[in-house]
Each structure stands twice: as C-alpha cells, then as structure tokens.
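Have a look at these structures, which come just after this line.
Same chain, two partners: chain A is paired with chain B first, then with chain C.
Entry: the complex of A and B
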C-alpha cells in the first residue's frame, strides 16, 4: 500500500515537473514581432531586440548553461569570477561559522532562561522585538561598527539564526513535564545532573526543531548578505549575473540555492528523528 | 622648453619659456589648444633619460648660450657620449625611475562594474599596476554606499568613486567626516539620459512632468547633471519629477518593468538598455557639459600619509592607464580586456559601442561620437568647485562653504601635476579652468554668484 502510494506520488511529481517545463518552454518562445532594421544597426543590438527573443530564458538555455557550470565547478578566473562550486563552498563556510556560533550561544543561554521562569518572562519582550528584524537591516549597522565585511556577513547570520533556537530551547526546557522533574527531585538528583539527564533529553526534540528552523533562516540570510557585501559566495554570484542581466545564470543560482537549502534541512531533520522519543 | 624635450638639441632653450613649460614662449602657449594632452613618450626609460640628461646639462651649462655653442661645436651625439664618460647617466636614470619603493605592494582597489572604471579595471589585466611595481587586486563591489564603507573601513586601499563622493565624505555628508583625496579623475563624459521606448515622442523635457527618473547615487554627477538639465527646461527636479537612487545594474530591469520612465546613468548601463531594446538614448551627457568629470579614483588621507610611495605608484599606474585609454585606437582592445565576468561582466559589443563611440541609439539609427566617453586624469579643482555649487544649490550643503579650500584639500591637482610632469606627460599650468554647462559659463572664482544665478533651486 505504502509503496504504491510512493510510486504514485513520484509519478505525479514527474508529471508536474514536465508540465512546468513545457509551459515554461512555450511561454518563453520568441513571439514578439521582429521590426526591420538595417544590418549595421542590428549588429550593434542584442538578440532581444533583433530576433524578438524573450528576455526570459527557456528551460533549454538554462539546461545548457547548467551543464556548462557543472562541467567545471571549481575554476578561478581571479577575485571576481570563480566557479559555482567555490562560491557555494564560501557560502556554506560562512553559514556554518555563523550558525555554529549561534548554537554555542543560544542553547546554553536558552537552558538558563528556560530553567528560570522569571528570566524567561523578563527577556521575552526583547527576544520578540529582535526576532523579526531582517538581515538587510542589520547589515549597514554591522558594516559600520565591525568594519569588516566578511565578519559582518557572519555576524548577520549569527544574529538572525540565534532567535528561533533560543526561543525553542527556552520553550523546550520550560515545558519539560513537571512529573519528571519532581521524580528527579524526590530521588535527590543534583541540579547539573538533572539538567543533563532529565531536561536535555526531554527538550532535545524541541531544541532540534529550533535548530532546523535556524539553519533555514541562516541559508536565507546568506544570499541577501552576500549580495550586499559582494566578493564571494552564491549571493555574490546572483548579484554579479544580475549585473550582466543574465537571467539564465540567476535561475541556475536559484535552483542551487534551493537544493543546498534542502540538503541542510534534511541533515537536521535526520538529527531530529534521532532524538525524538515516544511518550 | 619642457623637461622632456631633447636636451641635446642646440636650438632649444633650456629655460622654460611659458607657464606650463611646454612651449617656447608665452604667446605660443596661448595659441596652443587648451585641451590636456596625455601622450606618453615612446618608453618610460627614454622619458626619464631625457629628464636626467636635461638636469645634468643644465647644471653644467647654466647659460643657454654657452650650451648651444658647445653643442654646435661638437654635435649632439658626441656631447652625449662625452657627458656619459664622466657622468653615469644610465645609473642616474635608473635611480630616478626608481622612485621610493612602495611601502605596501599588495593592494586592494574596489570598483563598480561600469565603463567609468575603465582605467582602474584595465590596469589589472593589461599590466599597468605590475609595471609600477604593485600587485593590485581589483574587487567588484555592489554599490556606492558599500564601496564608501569598505574604503573607510580600510578593506580597500583605494577605490573607484563618483567624483562628488570624496568631497561629500570629506565634508561628512551622508557619512562621518573622513578626509579623502582624489589624485585622478577616471573619465570625462560617458553618461547619458535614456528614456523608456514608449516615450519616443516625448523628446521635449517640458513634457516630462510627473515622470520617474533613476540616478545612481545622491552625491553623483548624474544627479547634478540631470537636475541641471531639468531645471534649465523649467522643471523643478524636487517637485515636478521623482528622482530615485537606484544601483546601476537594477536600472535596466526597472526600466523594463516600467517602474521608471528613464535614467541618467553611467555607461554600459545606457547602452545595455538599448542593446536589450528597452530604451533609447535621449541625450549624451556630453551634450549637457562637454568634458564633465564623472568618476574619480579616491583614497583616504590616512592611506596617503602612511604609504605615500604606494599611493604615488598607484596614481602613476592610473594616470598611465588613463593616458592609454584616451587613445581611440586602443579602445577596442580595452573593451575586450574588461568585458569578462571577472571585471565588468557585459557583452563585448556593448562595451565596444561605448568606448569606440559608434553606437546604436535605440531609435534605429547608428551614431558616431568619438568623444562619447573620454579619459583625462587631471583633477581640475574647478570641477570640485562646480560640484560644491550644485550641492549648495540642491540643499545638500547648508550654510557657508569655503569652495576653494575644500576643492584644494580634496582634489590633489598639485601632486598629480608633479607626478604627471615626472612621467613626461604635460599637465595644465593651472588647476582652475572655466567651462560652460548648457551654454552657461561657470567662473570658478565666483561660486556664490553662480549659485545665486539659478532661478530653480532649493530655498535654504
């Protein structure tokens, strides 16, 4: 039953993809009327103007370009032109650094706050205000005070990915079932031991969910941050190709950003499953 | 005679004849065209050899008459041979050419991917930085505010900036006041007003009321030129139209999406809009003010004082590249050098049209204007004074301005002049020149009167 469902879902996915590519292909065919112009003039103009080619690339253009990128992902033509593999590696390294810093701060801090109802209430308004701030709003402030663009980018990832983790940790720790804590108390378990053997395992699924939300946010943020500071990374690649109005490359970048984001999410989903327990 | 003429030419006078030293008499100087010519001598060594030999001859024969008699009697080549016998001309030349070793060899220079940055960019692939003993990494940057912040943060040692930006930064407009300096202008002309294709019939600016225009930055020549142009046609740029600050790459996309009606933008963006069939060239900025500056090469005072030799070498490389770019026959080669993704990242055809001046106008015609964009490094202080008058006119500066003091502090005409003379180029004698913007003459000596003479301006 389940295997046939999976098969049918797969089939529907493929049909949807094919339909999407087909519509895309039809929609971007050159349909605009071609105006007559002198050959001398036409030589100086782009294909959009001379052959009525759609400004939007079709799936075939994107496919060909993607193949070109995949064949040599690690080329390095100088500081402003590197292969997609290198750009992605830069982005992942930045996200990794900022995210790990956020984990190191958010989880211990969340634990402390979660164990004290007073602190949790007192800090809540601050967290709620800081949580929804967009990465682009932090960027000028970071650039101005940190005075280093790559550290600024990492800082922005840190500051944007810390809140979901913090909130989830606080929530997870605070909502550990009272019975378990009371049992630990009656058995005279020390505070530290209680935190690690009772609260941590109980709160782990919630904490991991927070971490999973955070990695998604960190990956969202990196593209915006790199578009702004430039230099390296997939966000810079998008900006550089936009500069050249190369929509084909922008679409490829969008595709890759999606795939990497999905992989990061899947990794954390697996961790979450590892710590989940049946009640 | 100039420092770079042949010192062994008997008929030449070794004493300077006119203010600039380029001409034999003041009268001849007056007659010469006022344009600044950047024509390098065949090679650097030849140039330096001439300078050194000149100095030696001058020291040996303080009187022109005696030197001429000596040269006439023995002949120039014998004189040179004799001179080399007891004076190590070669060594002296080498010493002269090796101006102080740069304190810092690995430099980072930021740029915005537009053709205004041509000298800064091309100097990397075409080896001008290397020639002056520097290892420069040119880094593409996302926008003017970012390039400003990164230069202030010292991530970049020097950068490509819009000509008014260093003035604005030095004055603390839109940023903390940090003294900046401009040793060289990048390009003159090379901008344009592009309108959306649907406005083909609306060529008279009087019909532009209510339209939306994009400019690259508030402190830009584009902003001042567009405002000037609109005001001359009776439109108040603050109330009759909308001016938006939009990063150049986004302009074409916005024009296509119908978010704006037109823009005054740097080139390759203008030509790109035409290339993609989105707009047409209404007017080259050259037609507003022929020879206007656009972008500059800027560095902080701090960098100049901590690494004066690096700065001098950098300026020399830029001036050298600018001189090379000013020649029409080199333009095609330059277009190919700066087009790849590592630099401007644009189709070669577009860059070629900009640099060679033979371009499609977007209306079905091919136009030719060899001076559509030109390159001239000399940082005229009168340019800075003009920009200050416009900042004042549009309310960016409030209160009194010491035009001359600011211009002289930011635009390093004296230093560049010295450097250009050392390099065998002929800089102009004065750092101030008068010019006309849309037929109205600007006198750099009377900036206050100039500001007051405009009917349309922001009331302060």
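Entry: the complex of A and C
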C-alpha cells in the first residue's frame, strides 16, 4: 500500500514536472515580429530585436547551460567569472561558519537561560526585541564596525540563525519533564551530569528543531547578504548575472539555491530523527 | 515503639496563595516507622499524601518540622531513599538496562561498565524482565515499565522505598502480579517501604501499618491501623481471614464518612499521639504512636469500630 502510494506520487510528480517544462517551453518558443535595422545596429541589439526570439530562456537553453556549468564547476577566470561550484562553496562556507558560531553561543546560553527562571525572565525583553530584526538591517553596522565585507556576511548569518536555536533551547530545557529531573535528584546526580544525561537528551529534539529552522533561515539570508557585500558566493553570482542580463544563469542559480537549501534541511532532519525518542 | 527508623516530626506544608493568604495542606504531622516495616497511607486526594512522600524523599521541603531517617535529619534527596514514581518516570531515550544502569552508576561512580551492567542485570532478572534489557520504554507495556521502575529503585539497594501510587495506572491483573512481586521482594530484602495508595485492598495485602489521613486542607493523621492479618498472607485466601472484613470495613468507613468529620468530631486529637487501632484485639487497644508514654488513652479520640 505504502509503496504503491509512493509510486503513484512519484508518477504524479513526474507528470507535473513534464507539464511545467512543456508549458515553459511552449511559452518561450513564440517569436515576435522582427524589425529591420542596419547590420551595425543589429549587432548592438539582442536576439529579441533581431530574430524575434523570446527574452526568457526556454528549458532547453537552461538545460544546455546547466550541463555546461556541471561539466566545469570549479573554473576560475577572474573575479567575475568563476564556476558555480566555487560560488556555492563560498556561500556554504559562510553559512557554515556563521551557523556554527551561532550554535556555539546559542546552545550553552540557551541552557543557562532555560535552567534559570531569573535569567529567562530578565533576558526575555531583549530577545523579543532582537529576534524580529531583519538580519540585513545589521549589515551597515557590521560593515562599519568589522570593516570587512566577508566577515560582515558571516556576522549576519550568525545573528539570523542564533534566535530560533536560542529560543528552542530555552524552551526545550525549561520544559524537561519534572519527573525526569526528580529521577536524577533522587539518584543524587550532580548538576553537570544531570545537564548532560537528563536535560540534554530530553531537550535534544526541540534543540535540533531550532537548529533546523536556523539553517533554513541562514540559507535564505546568505543570498541577500551576498548580493549586498558582493565579491563571491551564489548570491553575488545571481546579481552579477542579472547585471550581465543572463536570465539563463539566474534561473540555474535559483535552481541550485533550492537544491542546496533542501540538502541542508535534510541533513538537519536526519540529525533530528537520530535524537528523537518515542514516548 | 522502640525502633524509630523513620520519624516524621511535626512537619507542615503551606503554600502562599493570592493576597498573602497561606493555604495549609497539613501541619504538625507526626508519624514513625520501624525498620523493615511496610506502611501504606490512605486518604482522599488533596490531603497531602504525595507532599508527605515528596518530603520524605527530599524532593520537597517541609514548611516546618523535620524528618529523621536512621537517626539523622534529612536534607534533600538521598540514594538511601529510592522513589518509585506513579508515572514510572523512565528515561525514554535509554533502554531498560540503560535506565537501571543509570541508577547503578549514580550510586557507585567508580564502578566500571561491566560491573554496572552485571549489577543492573541482577535486578532486571529479579523483577522478571530478563530478555527485555535492550528494549526502550516505549516498547514496553505499562506493567513492564513499572517493573523497570521497581528494578531501578531496588538496584541502588536503598534503606527504604517510597512509592507514590505505583500501580494506580495499571490494569487489575497486572496490578495484582506486581503487588505480589513487591511484597515478595520487600519481605526477602527486608525493605522498609512507604506507599501511597487509594486501593484499600492493596493496603490490606501489602501493609503492616496503615496510616489514615483526613481530608485536606488542614489534613491530619487520624489513625494508625495495625494490620492483624498474618505476615505470610496470600492474595487468594486474604478475604477468608476472620479479621479481613473488620479491617476493610474500618478503613472504608473512615474514607467514606469519618475522613470528612474527623477533625470536628475529635477536638482532643493529639497529632503527636495518634491512636493506634488494633482490630480484633479485645477492648480495642488504643496506644500512643509516639514513644512518649504520657498518654495512652484518649477518650475523645476513641475510634468507633463498626464491624
């Protein structure tokens, strides 16, 4: 039953994809009337004006270009022409660094706040104010103080991924079942051992859920941040190709951003499953 | 009343309510238990039974008074007093063996893995869970979970066991088997046990001494009923004992009527000298629970034996 459902769902997915590609192909195939112009002028104009070709690339153009990129993912022809692999690697490295720094701060801090009702109440107004700030709003402040665009981007990732992890850790730690704590207390388990053997495993699913939300937000933000700071990364690539008027490359970048985001989410989902316990 | 292994001395518990008005759950509560004794507390919900148990366990602190165990006033929890929780409270991310081993390694920090495992296994075998060591709590039935809870409590070889309605969430058949097991284990190991229950038959089967508490707030320990049934009683012929119904009726009458009216009807009740009811003894002896022999008979508190 389950396998047949999966099979049918897969079939429907393929049909939907084929339909989408078909419509896309048909929609971009149409030709507009061609204006006659002098050959010199025509060389300055795009294919849309000279041959009436749609400005929006079709799926075949995108496919051909994607194949080109996939064959040479790591070429480097100078600052404005690097392989997609290199650009993605820059973005992933920035997200990874900012995110890991956020993990290192958010989880211990969340533990402390969650275990202390006083700290929890005292820090709550700050967290509530800081949490809804768009991470990009920090960018000018980061650029001014850090004076390095690449580190500023990492800071922006750090600041945007810290809140979901912090709040989930606080919540997870604060809502560990009283009876499990009481078990540890009757066994005279010390505070540190209790934190690692009872509170951490009990709160782990909630913490991992926060980490999963964070990685999603971090990947959303990196594209925008790299558009601002420039230089390298998939976000910069998108903006650079927009300036080059290469819609094909923009579409390819969009596709890859989606795939990498999905993979990051799947990795965290797997970790979450590993620490989840049935009750 | 010579051996007072556990002595609860004048404890009270108050909660500060809204507007500074304090709610007294109970106050000036005195009771004592001898080593190896099995005591059950019976009373309606809200009389503070669980609070008494939590204070005894060290999970809760009394607002006043003290608890003395084995000659020492307690402060906080101790590995000498194991608790079997009503909701079993197993750690769901650990296996059966892991849960018991956690307790064992908490008591004997220096033991190596193999020694901890062997010791834990011994107690898993004792409660009849051999073969289920590597299952997680979610794969176990309610009765099996509570067996793990019992194994965990016993594995640290405590001086006493505290049980808060350990079988109330189980079906009748499982409850019966587990009562047998607990009774067997307590008799074999000479455990001192303090159990809260709502089940009159459970108390009669298990307890040497039954503490009856009146309704809260302001609950008092009304009587200590000594169980007249022989120590080698069996579940099957329990109800055939000539004193069984006298005992049962006495407790049920208390729960149904006297628990509400006891405080008003017995103004001279001295919480330090709670009457001891010995059913079946001629003349219904009422002795002082306290070892202070200044009062042995209190006319005002004579409990009417209905059977």
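Assume the second predicted complex is superposed on the first by the 270 of 279 C-alpha atoms of A that agree within 3 Å, B and C clash if a C-alpha of one lies under 4 Å from a C-alpha of the other, contacts with A are read in each partner's own complex, and residues count from 1 in each chain.
Convention: contacts are C-beta pairs under 8 Å (C-beta built on N, C-alpha and C of every residue); 3 or more make two chains touch, one makes a residue touch a chain.
Remember, it's a predicted structure, so these values are computed and weren't measured experimentally.
Novice: Could you classify chain B and chain C on chain A, in the superposed arrangement, as clash or fit?
Specialist: fit
Novice: For A:198, select first, second, both or neither according to whether it touches chain B, chain C, the two together, or no partner.
Specialist: A:198 contacts chain C only, not chain B.
Novice: May I ask you to decide whether A:278 touches chain B, chain C, both, or neither, giving the answer as first, second, both or neither?
Specialist: Touch status of A:278: second partner only.
Novice: With both structures placed on chain A, which of the two partners, chain B or chain C, ends up touching more residues of chain A?
Specialist: Of the two chains, more chain A residues are contacted by B.
Novice: Touching A:229, do we find chain B (first), chain C (second), both, or neither?
Specialist: So A:229 only meets chain B here.
Novice: Once both structures are overlaid, what angle do chain B and chain C make about chain A, taking C-alpha centres and a multiple of 10 degrees?
Specialist: The vertex angle at chain A equals 150 degrees.
Novice: Using the superposition on chain A described above, determine whether A:188 touches chain B (first), chain C (second), both, or neither.
Specialist: Second partner only.
Novice: Should A:242 be classified as contacting the first partner (chain B), the second (chain C), both, or neither?
Specialist: Only chain B is touched by A:242; chain C is not.
Novice: Please give the least Cα distance, whole angstrom, that chain B and chain C reach in the superposed model.
Specialist: 51
Novice: Quick one: which bits of chain A touch chain B in the complex? Just the residue numbers, please.
Specialist: Counting only chain A, the residues touching chain B are 37-38, 40-41, 43-46, 48-49, 55, 77-81, 140, 143-144, 147-149, 227-231, 239-245.
Novice: Considering the complex alone, what residue numbers of chain A touch chain C?
Specialist: Against chain C, chain A makes touches at 177, 179-180, 182-183, 185-189, 197-198, 201-202, 275, 277-279.
Novice: Chain A touches which residues of chain B in the complex?
Specialist: 113, 137-142, 145-146, 149-150, 152-155, 249-250, 252-253, 256, 272, 274-277, 340-343, 345-347, 349, 353, 358-360, 364-366
Novice: Can you list the chain C residues touching chain A in their complex?
Specialist: 57-59, 76-79, 81-83, 85, 87, 89, 91-93, 102-103, 106-107, 136-138, 156
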